[in-house]
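Read from first to last, the chains carry the letters A, B, C, D, E and F; within each, the first residue is number 1.
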Amino acid sequence: MFKFLFLFSILILSSDAAVQDFCVGDLKAPESPSGYSCKSVTNVTVDDFVFSGLSAAGNTASIIKAAVTPAFAAQFPGVNGLGISAARLDLAAGGVIPFHTHPGASEILLVVQGSITAGFVSSANSVYLKTLKKGDLMVFPQGLLHFQVSDAGYTSVGYVFFSSSNPGLQITDFALFANDLPTKLVGATTFLDEATIKKLKGVLGGTN
Amino acid sequence: MFKFLFLFSILILSSDAAVQDFCVGDLKAPESPSGYSCKSVTNVTVDDFVFSGLSAAGNTASIIKAAVTPAFAAQFPGVNGLGISAARLDLAAGGVIPFHTHPGASEILLVVQGSITAGFVSSANSVYLKTLKKGDLMVFPQGLLHFQVSDAGYTSVGYVFFSSSNPGLQITDFALFANDLPTKLVGATTFLDEATIKKLKGVLGGTN
Amino acid sequence: MFKFLFLFSILILSSDAAVQDFCVGDLKAPESPSGYSCKSVTNVTVDDFVFSGLSAAGNTASIIKAAVTPAFAAQFPGVNGLGISAARLDLAAGGVIPFHTHPGASEILLVVQGSITAGFVSSANSVYLKTLKKGDLMVFPQGLLHFQVSDAGYTSVGYVFFSSSNPGLQITDFALFANDLPTKLVGATTFLDEATIKKLKGVLGGTN
Amino acid sequence: MFKFLFLFSILILSSDAAVQDFCVGDLKAPESPSGYSCKSVTNVTVDDFVFSGLSAAGNTASIIKAAVTPAFAAQFPGVNGLGISAARLDLAAGGVIPFHTHPGASEILLVVQGSITAGFVSSANSVYLKTLKKGDLMVFPQGLLHFQVSDAGYTSVGYVFFSSSNPGLQITDFALFANDLPTKLVGATTFLDEATIKKLKGVLGGTN
Amino acid sequence: MFKFLFLFSILILSSDAAVQDFCVGDLKAPESPSGYSCKSVTNVTVDDFVFSGLSAAGNTASIIKAAVTPAFAAQFPGVNGLGISAARLDLAAGGVIPFHTHPGASEILLVVQGSITAGFVSSANSVYLKTLKKGDLMVFPQGLLHFQVSDAGYTSVGYVFFSSSNPGLQITDFALFANDLPTKLVGATTFLDEATIKKLKGVLGGTN
Amino acid sequence: MFKFLFLFSILILSSDAAVQDFCVGDLKAPESPSGYSCKSVTNVTVDDFVFSGLSAAGNTASIIKAAVTPAFAAQFPGVNGLGISAARLDLAAGGVIPFHTHPGASEILLVVQGSITAGFVSSANSVYLKTLKKGDLMVFPQGLLHFQVSDAGYTSVGYVFFSSSNPGLQITDFALFANDLPTKLVGATTFLDEATIKKLKGVLGGTN
């Protein structure tokens, strides 16, 4: 009997020391540079570590015929602080995920349906371009411009995974045209003419 | 004309500075704590960033009725230094990925076919256990013991992604029984009886 | 006089900038992925940086004839955020620290009394095993299974140090048998027979 | 005399342990994910830690009326592994540093002459825009699109510093138009019309 | 119309995911080992990312004829979590920034006016000493003792940048003499005689 | 039989992936910012992970009546890349480890014999000073000045552990006086008088 009590005391010690095996994000508590504050471990259940939000297709009935559904720490608090997260890509026939970057993470794409042509551009302006089939992986190094386009006559589906629980997502066109950055300044910093900028601001909801 | 020359000189400068956008592993050159040495950027092609080795099913005709196929830096050198990697899990009906850890990474599992029951155990010995369906994600915090078992009458398939290009993989049974660690020492450090140890050493190829 | 005032103004500036020389953990404030919130520096004293809890022997009168006493951030808040922590091992004659891992840290063992046989197993299932004498160091790489057993006819004492202020501690037997993970699932994921599992669940307080 | 000898022996010990105070890059030896291999410490002199390449103005007689001169690890090997680097910006009247990102670093800009209007765009597409005068600092978070334009009738000069010895530099226009990425694909992934793309490819040396 | 709504829904998703592009420090909220808590992104403006406090000269009318003005996270909360910060050095003729270290960062010095002789000492006690002119850069590896002295007959100005948003600043003389560390202990640990210590304690405001 | 073959194939896969469980330093191969190149895993034995060099007392018959014996990566290559290392302190009666810093690591001191008075000084110039007895731990935050002095009438022994495999060691007196830094410059940057500097240069082997 004595032995058992002692074993349980080890159990308790190791339990005390274990509060940071994980740090499920408490989205309403203070955030730090390392991520969200941790939800109390006593309130954590397996459902904090499971996310079903990527099991349904995103709505591709849009101008890009595509959808991106994120499972970053803000949507899937169980990944907070663990250095990994995910998203789902749906591309209808002719669908496009426009040029974008993830400021804080590298990415791996897994094609699970259809065929996707993906590419990234290095700092040396070299293009790395490939048409991927079901089951193929492609890695996109951190922070570099990349895109994915449908290569099938039907919906293609991919899942992407990131080396951060908060990779960020900056879609170049949205960054340039979907805000109030003055047209003249956009022109000066992109070499695009005013008419082109005005047109894209119109489509994407930008002003000025 | 003058302007163009100048622009190309910027081009060249940025190119010089860009040699570490990525570091495709040269598996035969010296390795450092941060990973493999980098292959010369002039020899890098898009095929270094694409991996098709996970598109085919692993062979599940074994005692565990399951297979793990890794795409770590050693198999997929394009991920070297990028903080991310992958593997494919195939589980036939009744298949099992036994208890294991990844010493250097957190993991996200995506179920793409069938149904998988997965679980992990925290330092506090709490069990986080869930049956996952197609499209579900589950995250396993770094270094903790976890397992996956088939929950379907047919083959289930999952892909796992890691927060490191070299996550490691330590299957508990193999670590305990598939080597020459003396039976007596295994017994003392696991509380298992000698007969059990001898039997598992027999199955897994261990000695002593 | 003028000079002195100026010098003190530098003093104050540098003082302002110094709030993160250290971050003594406030165990009751929010926790982040990087550790505990910092106690106000005005309340910090030298006693926050000193820990005497490892000076006394742990109670080895148990089934394992051994004790582990941690000095992690939860017990020794002065190490919070500093990337280092400690623990004391007491092993009576015949004592055993069973197979375990630290999910978030590498470890160095220093033997200060008696003799300890220690070993770890790599991902390649190789065994690294050695009998250590007083004054010897042994390093255990992050996340790998390892153990320590007494090699003396009297009590051996070791101190272990970790490359994290919150290394975690997962004792394999406790993870497998000291909780409610169903016996059948433990069997499937460890290859152990039901009787063995039931027996160890009994000893370690597990159910199901 | 004995004392002196002993002191020198400490000296030697600490010297042995000091080989990684710094790691001046050997640009011809293998590169790893953490940077260039280290030049032998016996060949290191103070000149490895000093860089005069930013003291002269860059040539602004170009289409952008601006120049960027880097002092990254590839140009200034003394910063290799130290997590910091620099560059000089020269902007003639009307000069522009076009939209660009640094995939691996945050940046601080210091204006030392003239006046510069700088801006960055967040993942939420918010614009942070400011006209800076001599002596002002502005910080640009890692990986986000940003630009700098002259705000003076004469040459403005800025120095930028990065939180990495190899921050990378990806100029959006160059990434999109200064390579062989097919016009049709650029169109699909940027929403720009073919004529605009062809024109910019012409200016920047792109093909296809 | 439908298309536009959909595009805006992507916009909102990416906005949700973007809360950690940056983490402007909220100096009154809890601090963690990774830095200050983040100010709510809805209250962030461009002025959080701009700092004008280094545009004016520091007051050099002091015993050291020099001034250090920091722009660390405590003064410039926009750099919080971004791994970079700055300070301004003013050195009148004969001015001196005494020997000091930054415990948590490497540093680059940019000379913008006059001439500065700077040096650092390695763990091997080697001296790296150079007289820098306007436009020169010098890098000081993390944690090593270094100093800057005026080399001009008029005021020299430098800006320094750090590989951390909270580099710390420990001026050796202040650490040794500007507090209540007993004179006898200072003597024993520095080999200085009591009279010298008492004199410097007097100048720098130390006691005991 | 078939089953066994398959299990061994997993074994081999995991073995391939395991090459970076550890990275025992090859002191003669290229070094990177992350540490020494890795010795081939086929040549690694348990002796790479064991270090007996701290079991014997250092020679304290010197001016400081003390000795520091390091077990950093340069002496104990098994710790290379693992983020931890060690050293032994011997202090005869009256022995002193003079003021010093470790540029790249925090430190924990364990007293194993006698009594040691230890202290560190923060960036705010606050002193944290304590007399430690056998079994006490004290933590010294990264990069801050600290010292240890004997507090017993006989030899005291401590072991210190660092949060880096290459912490560095900069003894302030040696950095200031044991090299060729000109006396006048030492004076200007420390406020010490010429006679004091000359005397210490004499004792410590400095010139100029």
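Criterion: a residue touches a chain if its C-beta (ideal position, glycine included) is under 8 Å from a C-beta of that chain, and two chains touch if they have at least 3 such contacts.
The UniProt protein names, listed by chain, are A, B, C, D, E, F = Germin-like protein.
Remember, predicted model here, so these are calculated numbers, not experimental data.
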Shortest walk length in steps over touching chains, chain A (Germin-like protein) through to chain F (Germin-like protein): 2
Superposition of chain C (Germin-like protein) upon chain D (Germin-like protein): rotation angle, C-alpha, nearest 5 degrees: 180
Chain copies touching (chain D (Germin-like protein), chain E (Germin-like protein)) - same or different residues, decided at half shared: same
Where chain C (Germin-like protein) and chain F (Germin-like protein) are represented by their mean Cα positions, the distance between them in whole Å: 21
Whole-Å separation of chain centres (CA-atom averages), chain B (Germin-like protein) against chain C (Germin-like protein): 26
Chain A (Germin-like protein) and chain C (Germin-like protein): spacing of chain centres that average the CA atoms, whole Å: 35
Shared interface positions of chain C (Germin-like protein), touching two or more other chains: 11, 14, 17-18, 21, 30, 32-35, 103-104, 119, 122-123, 125, 129, 141-142, 144, 168-170, 174, 178, 203
Complete list of chain pairs which touch one another: A-B, A-C, A-D, A-E, B-C, B-D, B-F, C-E, C-F, D-E, D-F, E-F
Chain A (Germin-like protein) residues touching chain B (Germin-like protein) - in the complex, by the definition given at the top: 11, 14-15, 17-18, 21-22, 41, 45-47, 49-52, 54-56, 71, 76, 78-79, 82-86, 105-108, 110, 112, 119-120, 122-125, 128-130, 132-142, 144, 159, 161-163
Partner chain C (Germin-like protein), residues of chain A (Germin-like protein) touching it in the complex: 2-4, 6-11, 13-14, 16-21, 23, 26, 29-30, 32-38, 80-81
Partner chain E (Germin-like protein), residues of chain F (Germin-like protein) touching it in the complex: 96-99, 101-104, 117, 119, 121-123, 125-127, 129, 141-145, 147, 149, 168-170, 172-176, 178-181, 185, 188-193, 196, 200, 203
In the complex, chain D (Germin-like protein) residues that touch chain B (Germin-like protein): 30-35, 59, 61-64, 67-70, 72, 74-75, 103-104, 166-171, 174, 178, 203-205
